[in-house]
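Both of the next two complexes hold chain A, though its partner changes from chain B to chain C.
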Partner chain A sequence: MFVEFVEGPLWYFSAAVFVLGVIWRLSGILRLRRRKKDLSIPRASAAVGALKAQFLHFVPHGGFTFRTLYHLVAGYAFHLGLFVLVLWAAPHIKFIEANIVAVPWEPLPRWGFIIAAQFAFAGLMLLWVRRISDPVMIKLSDRDDHVSAWLTFGVMLTGCMALQESVQALRVLHMMFVEIWLLYFPFSRLMHAFTFAFSRGYTGALFGRRGVVP
Partner chain B sequence: MLGFVAVVAVIAYAALVGVTGSLNLDIAAQAQENGNVPGHALGNVSDSDVWRQIRRGEVGKVSIPDLKSAVLINAEGSAWRAARNGPISFWGGLVIAASLAFIILFNVIHGRIVLRRGRSGEVIPRFSQAERWVHWFAAGTFILLGLTGLALIFGRYVLKPLFGPDVFAIIANASLQSHNLFGPIFIVALVILLGLYMRDNLWQNGDLSWALKGGFIGDSHPKSWKYNLGEKAWYWALFFGGLALAGTGLLLEFPWLFDRLSVLQLAHVIHAISALGLIAFSVGHIYLGVWGVEASLDGMTKGYVDVNWAKEHHGWWADEVLENRPAVVEGAAEAAAEDAPPAPAE
Partner chain C sequence: MNLSAAVEVFTDSLDASAASYLDACVHCGQCAQACHFYETTGDTRYIPAYKMKLLDRVYKRTKSPLAGVKRLFGLARTPLSEADLEEWNDLIYDSCTLCGRCTIVCPMGIDIAGMVRKSREAMVAADLVPKSMLGAATRALEIGSPLGIKPETLRKIVAEQAEDVGIPIELDKVGVDYLVILSAMEILNFYEVIGALARIFKQAGISWTISSKAYEATNIGIQMGDKAIAKTLVSRVVDAAEELGVKYVISPECGHAYSALNWEGPNLVGRSYNFQVIHILELLDQLQQQGRIRTKGTDTRRLTFHDPCQIVRRGGIVAEPRRIMNQVADNFVEMSPSGAANICCGGGGGVSSNSRAEDLRITAFAAKKEQLDDVQPDALVTACGNCRNVLEEAMDVYDMDMPVLGLTELLATYLDD
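Up next is the complex of A and B:
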């Protein structure tokens, strides 16, 4: 009964909340009132600035490299590890094929996604450790940051617990965590998975118009 | 009639001669000698001998790459299983229980070690950001591995009676997968941690006097360097125990690299003993760091400690830091003021 609920109604509900919630949040951002019209003569293209910023902000700028090295490495380890894990783990591909897109693709070998999982775990733990032990980060962090981190950790941990793919209870537990995560996503800073492009674009356009490399 | 009796008697005699193998019907047992069947009726070697050898782990011949399949019965496995479920579980559990009991007893008798002069409001740096990050990273993975490892070793005695065999099987399965996945992450964290903390954990003059004067158990607080002998003992336990744990853990993580199961069994025994010893030790470390000694945790969460704490617990180190201090730590007074208890109302 519980298994059917988690794999049926709860999955559809959480997926719907995720999709509609993300659309609602993004449309809210796009509908924000424009600032006052900038009457200055543009020195360069704002659009090019916005585009440049999308890519330039993937790496730290000049003097900040060393100071940001820790969260740069941890951040990339976590995000890339998670990205690979979600999209190329064999059980995930099977699930996506059965429930979302009926086109399968080649999964990573098992050792590959285990290494990806280890990078993702190490990265997430390092990022959270920084959050609780850096005097500035402690002050900047609020409950949403911690809930987001722990919920993501819960999703990953339950996934790791179900690695043998032989116990139904563990698979259902993992799925339940994913569903809770999907329900929380649109109302939290997890939205940065989508909004990062908007903030980079906005900053890039603003500086690009002034002829400054964003 | 007599003739009939005589015929029956002859047939019976013949049958008994056949059974006993003796004309005078001698039925004394003829035991095997050196494994040979009496009369060599079945050849020189008996089946029992063959099975005895197999039971003892005799290695046969196979023509496939997996040499382990040449062993029908892994006799060493029984010895390993008996050790794992016997003395290792028993003594390991006892050591952890004794460690917990000692901590509780210490807290009841001695109580929390408070700052005798209270907080001064002045702080000095103790741990860098890198030291704190790697400490918490290693601690997090250690706790995860510890909990899953304990579930694997003691689950059959604790979890199985509580939740039943089905739930225990699920917990054990989940624990094993998590343990295998987090193991390599811990190794990376451990190596960085050992490297970062090594310099201040080497032997220094005065370390022994700290212990001889009673360490943290006595009423006086003997002086020590940045780490006292107890803390150094924890570091070196982690160094040797942790490296043993890491090395044997890697062997167990990749079992297909070894043809001899005995290597893996030995690795498992060393792994379990090291882990149980470190878990027992860590109970004391966690107690003293989090609760047992007032204001200790600040060092690992904020990076700085109160000067009074430093002088009371690590006097020589405090003198050294205060002498070499270039200036007051920026923002320290404000940070200390936040931690200070509110002034009593007039």
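Up next is the complex of A and C:
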């Protein structure tokens, strides 16, 4: 009964909350007043600036690459690892094909999954250790930062526990964590997965027309 | 203190870009490493992202898509208090030069300096502007200059410079192409730039004048976050330029003056100008490219260039000063980092007009000093009167024996006239 609930109604509900919540949050930003039309004479294109900013901020520039190496390495290890796990793990592909859409790519072999998982775990833990030990991050962090990190950790941990797919309870536990994560996502800072593009774009457009993208 | 007015300004300033910034910040704290105030003090209050907290609280309480839901369940952020505004006041005015270096390192590309500017507007509404900045604003409005330079003082200085270089300089001359405006610091401390401009423009065949009604480029309204004052000061220049019928207004060696007149000015006055704004570095570079500036000899000293933040990182004039430097300097070395990633002098964004921030400004200069110590130049060149003054003052405190030069004057030194 509980298994059916987690794999049925709760999945559809959390997926709907996630999709609608993300749309709601993004439209909540866009419904706000836009910047007024800039009457100054542009030196260059705002659109090009906005586009350039999207790529420029993927890697720290301006001499910060080495200084921010910890975040850079841990951040990419976590995000890339997680990205690979979500889209290339064999059970995920099976689930996506059964519930959402057919995917045109092959799943990762088991060793690939293990490597991606190790990167993701190492990255997430390094980022969290930094959050609780670095005075700067301690000063900035709030409850949402910690809840987001722990929920994501829970999703990843239960995912690894369920990898064998031999114990139904573990699979359902993972599914439940994913659903809680989906429910939490639109109400949290996890939204940065979408809002980063807006943020970079606005700054890139503002300064792009001045001929420089900081 | 007017708390409700401040909250209203905070709320009004929350447009889509501000909302996206506040929703994108992941509290990674990398911005701290770009801030000379944090880097030189280690005080976590100076973390750039922390300076956005008031705006963030108002956003989360009022305009965030979640605000209504959270209020329903009693989970909304607490409203701002007078104590909050007082606590953040020095963060907003004393420990941020609006240099925007934090944007470079931010993975989300958040324009934190822009958010601090919005917070300053709220501080203005709350009547919490530092007294010395208010004094500068009063002088700018009543006398015409934040340093209290009267038109008769300007006339005298211009006449002396004209005599020094042997070139007549006529004020309020109708029918010329260019209107020169100057920063208060240039008029008072670095007035040789007027003679330098006269020599360069004579050789280049440029017709120009200075207005006795609008000679001041400095815009204290922009620095303190008072749009009404900013508009008045921009309008003064616009009216004078259009009355004289010039084709161009030359923005001087002053960081925020360029931003005020060129980038923000048309939006403040609500229309495009009937003239073009050109920065002095752009103009000198253009004249150089056209072969209209002939120089003789070069400076053999080891020279480096300090990039004024508002001209370079936030103004887009990056290559021009370097081309000018290379025309007259044999041994031009860059600091690291430089250009759009430069480190601020510590006194931009009105911090140098804010007397209570003086000690902090001197402390923050240590970041610039470190750069200079690495390069070991014989002289430092810059293109902002305010930076120049701030650098000179700080160097005195740090016992650094190094001349600070203006780029226009350096170019004029090697003019073949």
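In this text, the second predicted complex is superposed on the first by the 209 of 214 C-alpha atoms of A that agree within 3 Å, B and C clash if a C-alpha of one lies under 4 Å from a C-alpha of the other, contacts with A are read in each partner's own complex, and residues count from 1 in each chain.
Operating definition for what follows: a residue touches a chain if its C-beta (ideal position, glycine included) is under 8 Å from a C-beta of that chain, and two chains touch if they have at least 3 such contacts.
All values reported here derive from a predicted model rather than from experimental measurement.
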Kindly say whether there is room for both chain B and chain C on chain A in the superposition, answering fit or clash. fit
Between chain B (first) and chain C (second), which, if any, makes contact with A:T68: first, second, both or neither? second
I want to verify the contact counts: of chain B and chain C, which reaches more residues of chain A? C
Between chain B and chain C, whom does A:P135 touch in the aligned arrangement: first, second, both, or neither? both
A:G211 contacts which: chain B (first), chain C (second), both, neither? second
For A:L157, using the defined touch cut-off, is the partner it touches chain B, chain C, both, or neither? Pick first, second, both or neither. first
After the superposition on chain A, what angle is formed at the C-alpha centre of chain A by the C-alpha centres of chain B and chain C, rounded to the nearest 10 degrees? 120
For A:R43, decide between first (touching chain B), second (touching chain C), both and neither. second
Of all C-alpha distances between chain B and chain C after superposition, which is the least, in Å? 5
Counting contacts the way the document defines them, which residues of chain A are shared by the two interfaces, the one with chain B and the one with chain C? 134-135
The residues of chain B that touch chain A in their complex are 129, 132-133, 136-137, 140-141, 169-170, 173-178, 181-182, 184-185, 188-189, 300-303, 335
List the residues on chain A that touch chain C in their complex, please. 24-25, 27-36, 38-41, 43-44, 53, 56-58, 60-64, 67-68, 71, 75, 131, 134-142, 145, 187, 189, 191-192, 195-196, 198-204, 206-207, 210-212, 214
Touching residues of chain C toward chain A in the complex: what are they? 14-21, 23-30, 32-34, 38, 44-45, 47, 49-50, 63-66, 100-101, 103-111, 114, 262-267, 270-272, 276-277, 312-318, 336-337, 340-341
For chain A, which residues count as touching chain B in their complex? 70, 114, 117-118, 121-122, 125-126, 129-130, 132-135, 157, 160-164, 166-167, 169-170
